[in-house]
Every structure is written in C-alpha cells, then in structure tokens.
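Some structures are shown below for you to check.
One chain, subunit A, links the two complexes that follow: it is found with subunit B in the first and with subunit C in the second.
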Partner chain A sequence: MNLSAPSNRECLIALVNNESGQQVEKCYQCGKCTAGCPVSYAFDLMPNQVIRLIQLGMKEQVLSCRSIWLCASCAVCTARCPRNIDLAAVMDSLRGMARREGVAATGRGHNVFLFNKNFLQSIKKYGRLFELATMLSFNLKSGRPFREADAGLAMLQRGKLKFSVTRTRGQAEVARIFERVAAVESGAGKCN
Partner chain B sequence: MRIGVFICWCGSNIGGVVDVPRVVEAVSALPGVACCSDYKYMCSEPGQEKIRRAIAEHRLDRVVVASCSPRLHENTFRQVLAASGLNPYLLEMANIREHCAWVHQQEPAKATAKAIDLVRRAVAKAGKLEPLHSAAIPVTRRALVVGGGVAGMQAALDIAEAGYQVVLVEKEPSIGGKMAMLDKTFPTLDCAACIITPRMAAVARHPAIKLLTHAEVTAINGYVGNFKITVRQKARSVDYDKCTGCGICQEKCPCTVNSEYDQGLGTRKAIYVSFPQAVPNKPVIDRAHCRRFTRGKCGVCQQVCPSGAVDYAQEDVLFEEEVGAVVLATGYDLFDWTRAYGEYGYGRYPNVITGLQFERMNNANGPTGGKIRRPSDGGVPENVVFIQCVGSRDEAKGKEYCSRVCCLYTAKQARQVLEKIPGAKVHVFYIDVRCAGKAYEEFYQDAVARGACYIRGRVSKIYPTGDKLMVRGADTLLGRPVEIEAGLVVLATAMVPGAGGAELARLAGVSTGKDGFFQEIHPKLRPVESSTAGIFLAGSCQGPRDIPDTVAHAGAAAVKVCALFARGEIITEPVVARINERLCTGCLACRLVCPYRAVEPKSIPARGGAPERTVAVVNSGLCQGCGACSATCRSGAIDLAGFSNEQLLAEISALCH
Partner chain C sequence: MQLAYYPGCSWETSGREYDLSARLAGGKLGLEFIEIKDWNCCGSSAGHSTSRLLATALAARNLALAEKMGLDLTAPCASCYQRLALARHDLLADGQLRKQVNRITGHTFHGNMRVRSILEVVASLGGEHIAARVVKPLRNLKVAAYYGCLLVRPRAVQVDDPENPQMMEKIMAVAGAEVLAWSHKTECCGTSLAMNNDQLALPLVAGILEAASLSGADCIVCACPLCHFNLDYRQKKVNRVLGTGYQLPVFYFTQLLGVALGLEPGRLGLFDHFVNTKPVLQLVS
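After this line comes the complex of A and B, so read on.
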C-alpha cells in the first residue's frame, strides 16, 4: 500500500466529521469498539479499521466495505469509546456517502442496501410502509423470490398483510421531508 | 530631564529589518532626549561601556534601551545603570526585536515606523520613572514538608542533611506512603520495603527532623521566608510517651476492620499499627470503628495495656510552627474505577483487582503471604489478564493523561506471575507500551521473552462464566476481536492527585492544573516551584511519576529550599502594588482579585474625629507585582511601582500622538 500516492485525506476527514458531527482524527486505535461489537463476526473490516481508512483518506475502500452496511447501529462502540467518538453516527454518514456516490455495496451488504432503498421508496410513495410490495420487490431484486414466503403466508392468513395500502393523512409532510433531505444532500460536499 | 536612548542592531536581527539610523534621527528630536546612539550588540561589553560613558558624559538621569525583550536583558542593563551610580529602576526598555523586527520582516518601512513609535513610548515613560529600592526580608531557616511518602522523606532528609530544621507532617499514622505497600520495584526488582524502611527509620531518627504523624496542616499563613503554619495533631487515643509498642492491644482488640494498607484484601483491628515496619511503631485507635467510640462499650485495650498508655479522652491538638519554606509532597491516589467502568463489573467481581491490590497480595507481608491467589476462593489463577490504561488515556470515563508508571509495573507483575505460578498464562492488553527510562525497554522485552503475551487493544467487557471471567477485547494488529478466559484480572488504574490536595492547594494558595495536580511555575525550567514563592513541589503531587523520578524531583525541591535558607534573606522586587490610603474606600475589590493573597484590610483613624475606617494594605513580601489590584481599583488608589497609572497614561498618549 503506497501511502504517498495522491489522496484527499483532509477532505475525507472533514467531510465525515462534518456529516457525523464527530472528530475521527481523535481515534487512537485502541480497538475497544471492535472488542465490543456484537456483529463484528460478519464484518470484512473491523470498526477501528473503518476509522483508520478514513484517517488515511482511503475513500474507495471505506465506502465499498460490507461493514458499514452490516453495522446494526446498536451503538455499543459509541457508549464505550474512550475518545468520545460516536462511531454509530460515523457509520451512518458513511452509508449516506456511499449511496450518494453510487458505490455499490458488496456481499451481504448489498441486501441491506437494497432493503434500505426499498423501504424508503415505499415511505416516499405511500407515506408509510407497504409491507407486501416492499418484500416482493426486495425478494425479486435480491434474487431470492421466495425468501420468508412461509412467514408471509401466515401473516396473510391472519390478516397482517394487506394487498392494498391505506395512505396516511400526513403524506404531504412526508413528501416535504424527502424534498428537504434531497436539498441537504445536493449541497453535501464531495471528495475525489 | 536628561534621557539617553540606546538602540541595538542585534546583529541583523533588528538591523536587517529596521532602519536603525532613521530611528536614531527621529528619536534624537524628541523632547528630553539628551543623547541617542546605536550599536551592533548593546548587551556586549563594548555596548555596555558605551552606555556607561554616555551616562557620565551627558550627565544622564534616565536611560532607554531599545533592543530585545526585557525578559532577556533588562537585568543586564539595570546593572549597567547601577555601576554608573544611577538607580537601576530608572531604565526603560523598548522591545524592537520580538515585538517589531521579527514579526514584520516582510515590511521594513512599517517596521521602522513602529520601532520609532515603540521608542517614543519608552521615552515618554522614562520621563515619569522614579527611583525604586529593593528591601531585604529575613528568612526563617526551617522547612515544612507535607506528606511522608518517598518524596516527602527524601526532601526532608536532604534539607536536614544540609543542616536545616525540618517539620514533616504526615496524615496517616505511619510514614512510608504508597511505596511501603509495594512488593518489588521495576526495573531492578529490588524489594520496596528493603529500600524504604531504612529511610523511614532514618527520618524518625534524624535530630533535625520533627516528625508529626497522624497530623494535618490546617492553615498556611505568611509569605516566603516567614510562614506561620497551623498543624492539627489528630487524637491517637494512645499516649506515645507511655506506649512501648508491645502490640498486646492489637492482639486483644475484638473489632476487625478492612485494612487500608492491604487495600481491602486483608484486615486489621480498630486499634492498630498499619504494618509491622511502621514508623512510629505505635498504635492509634480508629474511632470510626472502635466499639468504645461507636457503642460506648468495650475498653479491652485499656485493660490489657501494661503501661497504661490507652487514653480515650485524648483530643485533637492545634499548634503553630514557624517556617521559611514549604514542600508539598502529598502524592497520588488511584482512580476509583468501580464508579466508572460498568463493562468491567463496577467492582462486583472479586477476581478483578487493581495493580496496588496485586502488589499487596504479591508482598511477603501481605494478606496471602506473597502468594498470588484468586480473592474469591483462594485458588491459584492459571490464566491472568492485565489491562492497562484503566482510567488513563480515557477522556470518556477517566483522565486524558498517561499515568506513566503502569506499563512498567504491569510488565513487572506479569513477570512475577510467570515466576510464581509455574505454567501460568499471562496476557497483557495495551494501547501503547511506553518505556521511556533507563533500562525500561529492556525490562519490558524481558517480560515478553519470559512468556507474557502482549495484545494490542482495549478490553470492552468482562463477564463471569462459571468461576472464571471472560475477557473480551480486540487485537487491533490482527484486526479481530479476541476472548480470554481468566482466573484473575488486574487493572492498571490511573494515578490521580492525592486526597486532600485541593484543600491544601487552597490553604497554600498554589494553583492546580485541570486534573488537580499542583501546577509548577515553568514546565521545563522551574519544575519544583509552585505559583507561590517559598512553596515547592515534590513528587507525584505535581504529576504522575515513578520512584526514580520522584526521588530526583524531591531532591530538586530540597535544593531550592536550601538555596533560600543559605542566602538567609530575600531581596524583594520593588515592583509591588502601593495603596494610597487617602483615596482607598475600603471596598476590598483588590483583595478578591489578588492571586497571591497579598491584600489585607487595615483600620486607620479617620479625619475629623470620625470613627475608624477600613483601607486595603499590601503585604510587599507576598505581592508579585501582577497589577490585577491596580486594574480593579475603582477609586484609582492603587499604583504598581514602575507601572503607575501616570506612567502608563504617558505611554498611551505618546503612542496616540
């Protein structure tokens, strides 16, 4: 790994800090986040390694890792960080950056990415979650059309899944939230 | 008024930027200036000679030197004035190097204009200067040392050996401090008791040291050379003149208490000697636990005492000591991890102990007779995990700073586990191993070579599994979380300032840093002097340090005390605040802002037979000439000598015209 290759280290650190409200350069790599993380067994990069990549300005590597999508946002890392860094917030801002910059999530991370996307599309369209359509769309796009089909059937029989969706009264407000998010994101900085 | 102005080139430092001949020309025209000249190095001998000659030739009565910062050479030029028969305080300096040439290197024309302004300001002030005279205050050649740990003992012995009297005050019943609790000490593995107990005996035996144990300083008044100290001798409930130290009372006392000396791993009685080698080796009664005092019953110790020394009626005694200097050596305490670290169990698991508890356990006169055992069941721990930086380097839960000693004592303890328990496994979790010290790195490498497994990462959680503890940490070099089943976990907890340090800082009027350690006045050049003249700092009360550094620090403090005593008197700076009693309204706002507690109220007879009125008075022995009072005084009654309101206004108006 050639660390003298051109990178935009300061820019990436500033961007992540600005979006997450944290100071990632404070991290001294003690690894307490990794030691406490309950989902680290599924990670390709440990939480402290994610922070290290930001510290070194390695944007592609950090945005394309699975860990940022598999993070469960339980915030044990945040609670125990001796340097007061809210790692869960950093992970969240990395997910936002990856989506905006169109960096494809890989492996199991891809499913999380897809689910997030479908979930938000449903909220945007109906103002609430339309479970059946969301799950069908997710199953088709993720290539496993019958995933959780038995549970879906049982839910249908008990009347927990509807074939149509009742739109909420607050749909106009929800639409405004999406507009506002789009406006904020269009003004967000970028690094190369 | 005949003012001489001397402008220095400082080689090219000033001359390379400022147009010095142009400054000379402009300054020569100023009113009151009798002569003005320049020279390449004004501070050099020929430069000084130039000033001396000009003073005689032009009959100068005020001198202005425009050169570097007065911090550097004000004293040099004052001596030139004194040698020429002028009062040394008739000198005014203009800093045209740091304040001008160095910071305006790119703009020589503007720098020259600024230099002229700075010299004009100095000339205006010089016209208002008055002669000032320093005074000599006698010094009481007797020192107070607060704290009887290794730092306090070293300072006391060094001062006493130099031939001066010392009063050593220790709050515990015995001297010895934390070092007396340790087993072996890094990096030489010599036993702490073998080093410290002869020292303790030497302190007690020394004819020049007055040892007061179980005592506290309750007031520090006065100023450098002339302190008045109030000491409270806490009631021991034992008459030390009668007590022979036979120990029967301890044997028979029915009341058992957790031992502070054994860090809660062992017990003592309510009438007790802290440890067998204690100095003085005579007991005190712990009134908070003694049945005689808590329930009004018992009295066994008094009945069994063969010399009739037990005296339940003894009371605290207050008395005064006069000393010339004070050494604060109040040491450290350990950070209370049980309040902060929930992930390590808040102290609920008996097999999670501190490094100091490990020391007690490992010590031959400790609760287990020197055997490393699990406190829960007395079993032998085959797997010991050490966790470093518990409370240190942890701004979220503890302290931001590094405690400096833990890396080495952890390496030492790891080694001792491997030596004492054959086949034991030792894991050490660390963030960085810091071994800056003579033979320290070698010592750490030796622990690794003997089998201690170092893992770079912090521990996130400790939880019980069966009768073991599961330690979940990370190996950041491997990039993976790791788990270790441990029989015993030892935490290297942070060093924090000794209890009572904040109160003592208030009594002594010394400042503390943000972590509560006493603040030295200069971090590099004056590491043992506090913000109050005559009060010195020794050992870890100033910041975390190990035994060799503590002894060196205490020795340095002792030398400062001896230097003060050897002179026998203190020459006071005449730059002190003066109060005009006619203008003073007695509001005492100055007293509130004075950082040196130099201002006190005084009653004076009022005019026209009215009742007495209060005015402020400045103790010139305490005043350091900071000027805070002068700036605060709303009736303009306070002038700082050498920086009077009139002089400052003259400078301002010179700059504004």
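After this line comes the complex of A and C, so read on.
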C-alpha cells in the first residue's frame, strides 16, 4: 500500500474543491441547503447528502445521481449555507466531471443532458442560440417530437418565432473557444 | 448615461418585449444603449452546467468587447446578467484564470468595466429622476414584483437582498403602482427544467402564481425572459393540470414603467403575451 498517495477520498475532495473553488470539508451537515431547495422533492440524493458523499469519497454514487442533473442552479442553497459553501457551483462541477468521465445521466437527468448538449451545439455553430432549431432537435432526440408544439404555434402567431438566427461574425472565434476549452479539459484530473 | 448593451439570445424571440421596452423606457430616462457588435451567447445554464471554464470563456469574450468600447455593460436578461457578472467576478479574483481565459478567447480582458443589470441601472437613476418623467401614473394597479433567482443570488453578483429585495418595488411605486408584500418573490420558477422536464417545474410555477394571487395582485412584474415565459405561457398548463383558474398577466418591469413614462402600449409589446393583458391594462387607462 502506498501511504503517500492520496486516498480516493482525498482525491475526490481535492478535485471538486479545485473545480468549484469551494471547500466541501467545511460542510457540517446542517441541512439548510436541502430545506430551501425547490427541486429536492424530485432528487434521489438531497443536496446535503451530495456534499456528504463527496466528503466520504464516494465518487460513483455522486456522479451517477439524478440530483446533479435536476438541480435548477437557483443558488438558494448557496445563499443560505452558514458555511459559505457555493453548493450550486459544486453541482456544476459534478455535472462537468460526470460528463468528462462518461457517467451517463439517466431518466429525467438524461433530458437535461440532451437539452444542454443541443443548446451548446447551437452556440458553437452560430455563436448564438437558435431557439427553434434547438427545441426541435431536442424534441426529436428525447423522443417527444411534439413537446410544447402549442408554445411554438402561439409564438409563431405573435411573431416571436424566428426561422433563422442572426449569426455573429465572431462565430469562428466562438467555435475556437469551444475547441480550446476542450483541449484544456482533456488534461483535467481524475480520481478512481 | 451610455452603456454597452448586451441583448441576449432571446431578444428577437421569447424575450422580444423585454428588449423593446427596455430600449424605449431607457431612452425616455436618458439611458443610451449601444449594442455590443458581434456579441455571442453567454452560454446560459447549458454552459455552466457543462463546463465552468467554457461558461467563463463565453462570457469573457463579451466582457472584453464591452471593455474595448470603454463602457460598462448592461443586460436586460437576468440569466445573461448573472453569467456575465459572475465571469467578471471570477476573472478579477483569479489572475491565473484571467490569463488562461484570455488565451482561450483571444481577447484580453483587463477588468476595467462593470456588469450591471437593467434593473440596477434604472434603480440607480433615483426616484426623483424617474418621477419627474412619469406622465401616466399606474393608479389602481396592484403589482407583485417577482425577482426569481439570478438577480439576487449568489452573493458575489446580487443586485439586492436575496430574501426580500425592494428594487423593483421602488421603481413600480414611483411609476404610481401599488406594490404588494408577498412570499414568493425570490422563489425559483424552474428555469430550463420547464423546457426539458416540465412536470417538475409546474409545481414551482403554480406556487408562485398561487402566492401572487393570494396577495391580491392584478399582475406580476418580472425582469427575466425565462421567468416570464414560465409564469406567462405555463399558466394555462398549470390551470389545466391542477384545476386552477389563474388569469394573472405577467409583465416586464420595463413595460409597465414604459406605460407610466407615456409610451404607447403597442410599441411596448404589451399585447404579445400569452395571458390576456387587456383587462389589467384597462385599470390604468
């Protein structure tokens, strides 16, 4: 046994802290984050449990939970944490780690993953969000082609639906941003 | 006052009335918005949910463009505001990150500009400045001001108190409306969850509508295109699924302010919402 190597537990804590700029060790499990979380009713792990499992080094359980995907990034947890932990930032980091480590989001979490992916593809391609194409493509890929079709119709009637997007001339620069970030992240750390 | 203007991706579509009314009401108040040429999407929740570095870099390009204009940046959308302001905060706090991100964007951001939400910009003009320009006070109108999450959280970028903000109330009061105390002004509307998992967001929207309605409000005013879409468009679905009968128009604060400043309702996009706004607008005409 190599006693000088960091344990899985220390490695996970260091990785999450480094990504999120937080110190998850500071959490004393008061549960205030969970009490205020508007989506906890649909979570499989409560926000305070997510932090606790990081403290315990239980990477697989954390990265495969649904909660990290259903989190609405409302930052109520962040605003109310007596230990000043930005839990919304921790949730962001966990989604990023799950993606990089290839841990698939399941169920409703998968919809969020697909939605985000489609959204970013639009930005990479056009520099801006093409709302209509993004929603249509998300609907097809998530298996509900007519999701919110009535919204589309109502938007159309109000002249709020655009069939094209104003491309930014900086589009090539934006695509480069995506590539350079991907290159940086391919060297990002991992733990067992 | 001149400001670099960041319209955000919803400006021509779901958030069109916000952009229109912000530009018009801002003009009446002596604010000159100069659109940032070649701005790009801030990444929104998809960006930071995928990679924090990507989110910071997408925002940073816009910050650098505004800085080159020599102006502070303002954004109407609460989500754009929060992304841009958080990126600025992180880039100023961490010199290493700034160097890395400057390499990624190909633009040097020095940190010599501020990011301000339109709400904050209008509020900073002061009550007297606004009151002197009000020609049609919103008498008889009871409003519930709704902030949602992104203007008031997290602390590094909050424009007002995260539990009981008052900025919008003050503006609406100067515009002549009666502002109500109510419980849900900073509760989450479900954001993009409403798009990808609408069953999960409906209870959140319903809670906000219920609280606004119990407070006796004639309408809700907000400062975010996504909050607007969730509260306005999804109201019908809440009524259908939960058997309620809400008929609460949802406005952008710049729209009602525009009315008070004497702008014509049609130009402010007041009739382009999903919930019928006519009965409520009759109260003030």
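Here are a few things to note about the model shown:
By our rule, the second predicted complex is superposed on the first by the 185 of 192 C-alpha atoms of A that agree within 3 Å, B and C clash if a C-alpha of one lies under 4 Å from a C-alpha of the other, contacts with A are read in each partner's own complex, and residues count from 1 in each chain.
What we mean here is this: a residue touches a chain if its C-beta (ideal position, glycine included) is under 8 Å from a C-beta of that chain, and two chains touch if they have at least 3 such contacts.
Since this is a predicted model, take the numbers as computed values, not measurements.
After superposition on subunit A, the partners subunit B and subunit C are accommodated together without colliding. In the overlay built on the shared chain, the residue A:Q29 is in contact with subunit B alone; subunit C does not reach it.
Applying the stated contact rule after C-alpha superposition, one finds that A:E173 touches subunit C and leaves subunit B untouched.
Comparing subunit C and subunit B on the residues of subunit A they touch gives the larger count to C. Once the two complexes are laid over each other on the shared chain, residue contacts for A:D92 go to subunit C alone; subunit B is not touched. The overlay of the two complexes leaves subunit B and subunit C separated by a minimum Cα distance of 7 Å.
On subunit A, the surface patch touched by subunit B in one complex and by subunit C in the other comprises residues 41, 76.
Residues of subunit B that touch subunit A in their complex: 343, 389, 393-397, 431, 456-461, 472-476, 479-482.
Subunit A contributes residues 28-37, 40-41, 45-46, 48-49, 76, 80-84 to its touches with subunit B in the complex.
Put simply, subunit C touches subunit A in their complex at residues 9-10, 12-14, 16, 37-41, 43-54, 57-58, 61, 90, 100, 103-106, 149-150, 152-155, 162-163, 187-188, 190-193, 195-198, 200, 203-204, 233, 272, 274. Per the touch definition, subunit A reaches subunit C in the complex via residues 19-21, 38-39, 41-42, 70, 72-76, 78-79, 86, 88-89, 92-93, 95-96, 99, 108, 111-112, 114-117, 119-120, 123, 127-129, 131-132, 135, 138, 142, 147-148, 151, 154-155, 158-162, 166, 168-171, 173-174, 176-178, 180-181, 184-185.
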